[in-house]
Amino acid sequence: MIIIIINNNKRADGRDFNELRPLKIEAGVLERADGSAYLELGGNKVLVAVYGPREFYIRRMQRPDRAIIRCRYNMAPFSVEDRKRPGPDRRSVEISKITSEALKPAVFLEKFPRSTIDVFIEILQAEGGTRCAGITAASVALADAGLPMKDLIVSCAAGKANGQVVLDLSEIEDKEGEADLPVAIMPRTGEITLLQMDGHLTPEEFEKALDLAIEGCNKINQKQKEAIKKRYGE
Amino acid sequence: MNSIVPEITRRSIINLINNEERADGRSLNEYREISLENGVIEKSEGSARVKIGNTQLLIGAKPQIAEPFPDTPTMGVLMTNSELLPMASPTFEPGPPDERSVELARVVDRCIRQGEVVDLEKLCIIEGEKVWMIFLDIHVLDYDGNLMDAAVLGCVAALMNAKIPNASVVDNEIILDQEKMSPLPINEKALMCTFAKIGGKFVVDPSLLEEDVMDTRISIGMREDGSICAMQKGGTEPITKDELMNLINIAREKTGELLKYLE
Amino acid sequence: MIIIIINNNKRADGRDFNELRPLKIEAGVLERADGSAYLELGGNKVLVAVYGPREFYIRRMQRPDRAIIRCRYNMAPFSVEDRKRPGPDRRSVEISKITSEALKPAVFLEKFPRSTIDVFIEILQAEGGTRCAGITAASVALADAGLPMKDLIVSCAAGKANGQVVLDLSEIEDKEGEADLPVAIMPRTGEITLLQMDGHLTPEEFEKALDLAIEGCNKINQKQKEAIKKRYGE
Amino acid sequence: MNSIVPEITRRSIINLINNEERADGRSLNEYREISLENGVIEKSEGSARVKIGNTQLLIGAKPQIAEPFPDTPTMGVLMTNSELLPMASPTFEPGPPDERSVELARVVDRCIRQGEVVDLEKLCIIEGEKVWMIFLDIHVLDYDGNLMDAAVLGCVAALMNAKIPNASVVDNEIILDQEKMSPLPINEKALMCTFAKIGGKFVVDPSLLEEDVMDTRISIGMREDGSICAMQKGGTEPITKDELMNLINIAREKTGELLKYLE
Amino acid sequence: MNSIVPEITRRSIINLINNEERADGRSLNEYREISLENGVIEKSEGSARVKIGNTQLLIGAKPQIAEPFPDTPTMGVLMTNSELLPMASPTFEPGPPDERSVELARVVDRCIRQGEVVDLEKLCIIEGEKVWMIFLDIHVLDYDGNLMDAAVLGCVAALMNAKIPNASVVDNEIILDQEKMSPLPINEKALMCTFAKIGGKFVVDPSLLEEDVMDTRISIGMREDGSICAMQKGGTEPITKDELMNLINIAREKTGELLKYLE
Amino acid sequence: MIIIIINNNKRADGRDFNELRPLKIEAGVLERADGSAYLELGGNKVLVAVYGPREFYIRRMQRPDRAIIRCRYNMAPFSVEDRKRPGPDRRSVEISKITSEALKPAVFLEKFPRSTIDVFIEILQAEGGTRCAGITAASVALADAGLPMKDLIVSCAAGKANGQVVLDLSEIEDKEGEADLPVAIMPRTGEITLLQMDGHLTPEEFEKALDLAIEGCNKINQKQKEAIKKRYGE
């Protein structure tokens, strides 16, 4: 009987329902970019470069009173089991859009009128949860670029798998699970800057998952701060 | 992207909403007038025209025989595509789908797929080889805000009135009987309710003018029983958890109202 | 014997050789567009929106002394038996070009230097003769947009099917017939602004078909005027 | 698009034509010098180089085994493609075919298809499965007006000198015998004659300068017997029925002259 | 393309090189620090990360079953692709590969193919029908000059550490045994050595700053035995035969040094 | 025995190891282009047009102190055994790039600041060695356009086939041979402006092939000069 209970609570990879996969964040890993970060979360390997603020030569899209943030989320052809054809697809176009919206509230964009801040997110290896990993790393890269920021956006997913609400879905939980809820927050205020849901949850399960995701975000935020501290000293 | 609204208009919309009023006279949680016509395109196996206020969409549902995805060999396939026609707005341009169009198609697709509107298992013809693929084409004709809710409503309606020919397999060949048309295997109904946050308050079913000044957008997809099947935040301002949980309650009520159009 | 004669003169859908399919035209059907029209001709369903005159931001293509007309003829994916892939193909590129040339003589373009008038023609359902239907509806939409016009361009096809010269080919007559002759005219002068021919006709048959098409145009022109009258009153 | 011609040049061209004269000394209904060389590209199963005045085109006809269209299972396929090479004119740009190039290819295709130049039924190899597909590639090398007539003449010539290998079917496999080459099954000849309306009069075979000032363009495709197989109006000014019927008579005579180059 | 370097920087780089010195302290024939890590992407059957100075590339080698080319029915296929990611340099832009990216991929491909690094004959599964196709994807992460040498080194390393499943053929069906993974059949090693001509002298392994001011670039691909398998000149200034023969000698020595990283 | 020696030295098409295929060059063959040339080398048929110097409307890519040269190498769909799909592929993109680099040293670009010189190379029939043929013809076309030139760039390949180092590889020698070495030079100084190698050569074989290619270039250069003389008289 005891064994069954353990089976119910522990997950296929042995994690507790509220346990993150192993996480590693490093700031300032590239030379050419103005800011950069590298992140590993379980088998996910994500590299982010930030360029800017720089001049935006498409005049029609300049904003006279602030900078714009453009994100490009891209999966390397070798990042997944079956080689991915290079170039954007509909999934990466959507993720690029919501990533840029999730990051905007954190940066004092009004300090850089008419400019652009370009965020390039490369998924070098994908194992479930790459969009959250990309946002978390992008935020560190923005800080590494020396941009004035209100807070470090941090992102994490919760979801439902095998009937249980769990944190930070693995690749298999993502594929075979009942629901996925990627969230990004500004940790200082707890406000939500990214929210998507895909699956099937009752409102109660939804609230539980949301709380779990926010808890996960807060844990990851510690690692973000450490990475920045390590790069720039105390 | 969206047009830039003069500061004075912006202010006046926000002031109204702060007084629980809206430019077109609605209350904060009120939809505009909705109309839904089914089967408007006879050549399309399923179709629907939806209007929410002045927003107008035409949706076609067309079946086609195709191969299943390798990881779901016994399931039919749903393909959702959207075109923000340059006819519908001076801000839409001809060319391949931009990020707004892609987001619309993908969110609608998730809502319908996760809402389990169609029983995809019943669309298998030969396991691992041939299944029905249903194309949902969202044709945006007139754009006055809130495409998401209109698109989900129209897609579900088009699926509900679609008829496909009977497919039988003889000697591993598929025979389609155009005389025997059956409705698609409909499982559930799913609908979407979208909110805009403007000046600290939320309004349901934002008009274009409201979208132009909104800080953030939340779309909530729900099944008939009030369970959640999709959610998408848009816009560049954050929201709080309390706000969100409150919107879920309102969405439950509002999707209940929308359901009546599907009867 | 009488039966045979009837068979020769009546068509598969029961129409006389010089009979149009049922026709309906409505002006002012869209909110955002500056002008619009909806047309049904048999099973054809066509929606047209007009925007402009508006600024043309591709400076290289502006005309200093007049407006240009740009047309985009597009078939909805669900408009035909087998789903059409979205986006322009060679057929729609050609139709867009000749449609814009057919409409130009009707508008006082010199009143709007450096601007563009954009005409978007959506074929919602296609059943033979969509290019003519599109031009006829576009002309009503241009008038609905309040543009100063010399005349209402009107378009209709004639052709040859089952050995007989007939008006307004149905889908099956178009596909299996011997010739198709789409024509557009300015009804006040009878001058021709669109002319294409595809098939096989002697010069005598051609003349007969041309006369028939012009006769059809004149009938359709009445419906155009009624639609505009209905929209704006007497 | 076309270059903008100075008003003074425009005036002088119109004045000449009003006096029944043309800038290059031709009469109104006279073609420029025409030359046609066959088989100029040995690697192409059929080919021709056409010059009309300074306009120069190279056409290749290449057969390929392909599937027939589902609605014509016993017919071969003709595919006509054109490239307005940036080499041919300062106004042509590299990139995918623009509307002028698409119109050229489609009008030429209709003229040859409806002229029944090739007996497509004879290009069937296995009914519903394999047929010959003939690619006609129109390569515009030097552009001095009247591409339509030159392209049709060159395409018909390339088809007439093309040789395809004998295809036999053994055990549902196609065997090509490169030793036994046969000409394509040529049925008819079709040609095109193009007019430009300038200052109220029509001229045949417009030069580039004339095209730049013309109000409208009419191209008439005819078979040997004077029956009409294609027609296309271009340009933005209208024409009358009487003008048109007169042009058909002239086209009959002129395509008769062009026919001699095919002998 | 490359950034425009201020004249004063340009002068100072040239002056240094005229004195046999370089901005980063190297001698003319000295590579920057090189590091090579194998198997860094577990999901990719082969992978390597190369750094030459601050230039950083990630290479994945992924096998896939495909049809052979018709003219080499018993040979596997190598496909080399490169992406100059906008992450790697402010001068790289998103979008389809530009001419620099195409040149990189094609030169690397020739060096590896003509260097006979992989025994492609051993990658045949069913003659004329199924072979292994190896995709080499060059992902440029950080660009500080000399992509060619880094890419060849990384590609050879990724091929050397790649493992493919055992493929057997039963009843004309291919069975892949993911339990039995074997290394690719490696035949030879090939490496590339690149020189930049600046102010009349040649330097090996140019940095980005040196590339920005160089007149010409020569890349020489060599096998272990010092025979030449690829060569590519870039840049807009000429070189002499004597210079070239001298560079071949230096390349022999330098590729010998690079070889050690593959052990 | 004698037969064997002949077999070793003569090639499949009967040429000596250092013998070019029949060569024909003509300048000034097109009307619209500012300069043009036509070249046949064996079965290769190449047409080149030059436009310019003309204004370069992409301001971002203008050079304030000189003209740029843009080349477009293109194969006609009917130029090869199996029809080639129209439009650029990776091979033609690379050849266009190196062709433009090979031609640049010959033209006094600094005389035409902010302009572009466009070189369009059409391969009408391909039989091995088209890139060299294109460069040789392009150079004549540049001269025909009246551009001030330091020298006539000339290009020729050598290589190794059947174990022998030979000049000007035929199509079959190119496909089945051991190495191909396309070279372009400025004949006055003997300096090399194009150099590629594809195959397998010892350094000694490489030098022999390079010498042979340069010898071939010098022969071809005579024909270039004759073509220009013929066009413009002495």
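Note that the chains take the letters A, B, C, D, E and F in the order they are written out, and that residue 1 is the start of every chain.
In this section, a contact is a pair of C-beta atoms (placed from the backbone, for glycine too) under 8 Å apart; a residue touches a chain by one contact, two chains touch by 3 or more.
This one's a predicted model, so the numbers in the text were calculated from it and none came from an experiment.
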item	value
Chains contacting each of chain C and chain D, listed by label	none
Both-way neighbours, i.e. chains that touch chain D and touch chain A	none
Most widely separated chain from chain C, with each centre as the mean of CA atoms	E
CA centroid of chain D to CA centroid of chain E, Å	48
Interchain centroid distance [CA atoms averaged], chain A/chain E, Å	32
Residues of chain D whose C-beta touches two or more other chains	none
Chain F: positions in contact with at least two other chains	none
Starting from chain D, with chain F taken as the next chain, the full ring order	D, F, E, A, B, C
Contact set on chain A toward chain E in their complex	30-33, 43, 45, 47-49, 51, 54, 72, 74, 76-83, 86-87, 118, 120, 122, 124-127
Touch list for chain D against partner chain F, complex	41-44, 47, 54, 56, 58, 60-62, 64, 81, 83, 85-90, 94, 96, 135, 137, 139, 141-144
Complex contact set, residues of chain D against chain C	97, 99, 102-103, 105-106, 110, 114, 116, 218, 223, 226-241, 244-245, 248-249, 252
Footprint of chain B on chain A - complex, ascending	90-91, 93-94, 96-98, 101, 104-105, 179, 181, 185-186, 189-203, 206-207, 210-211, 214
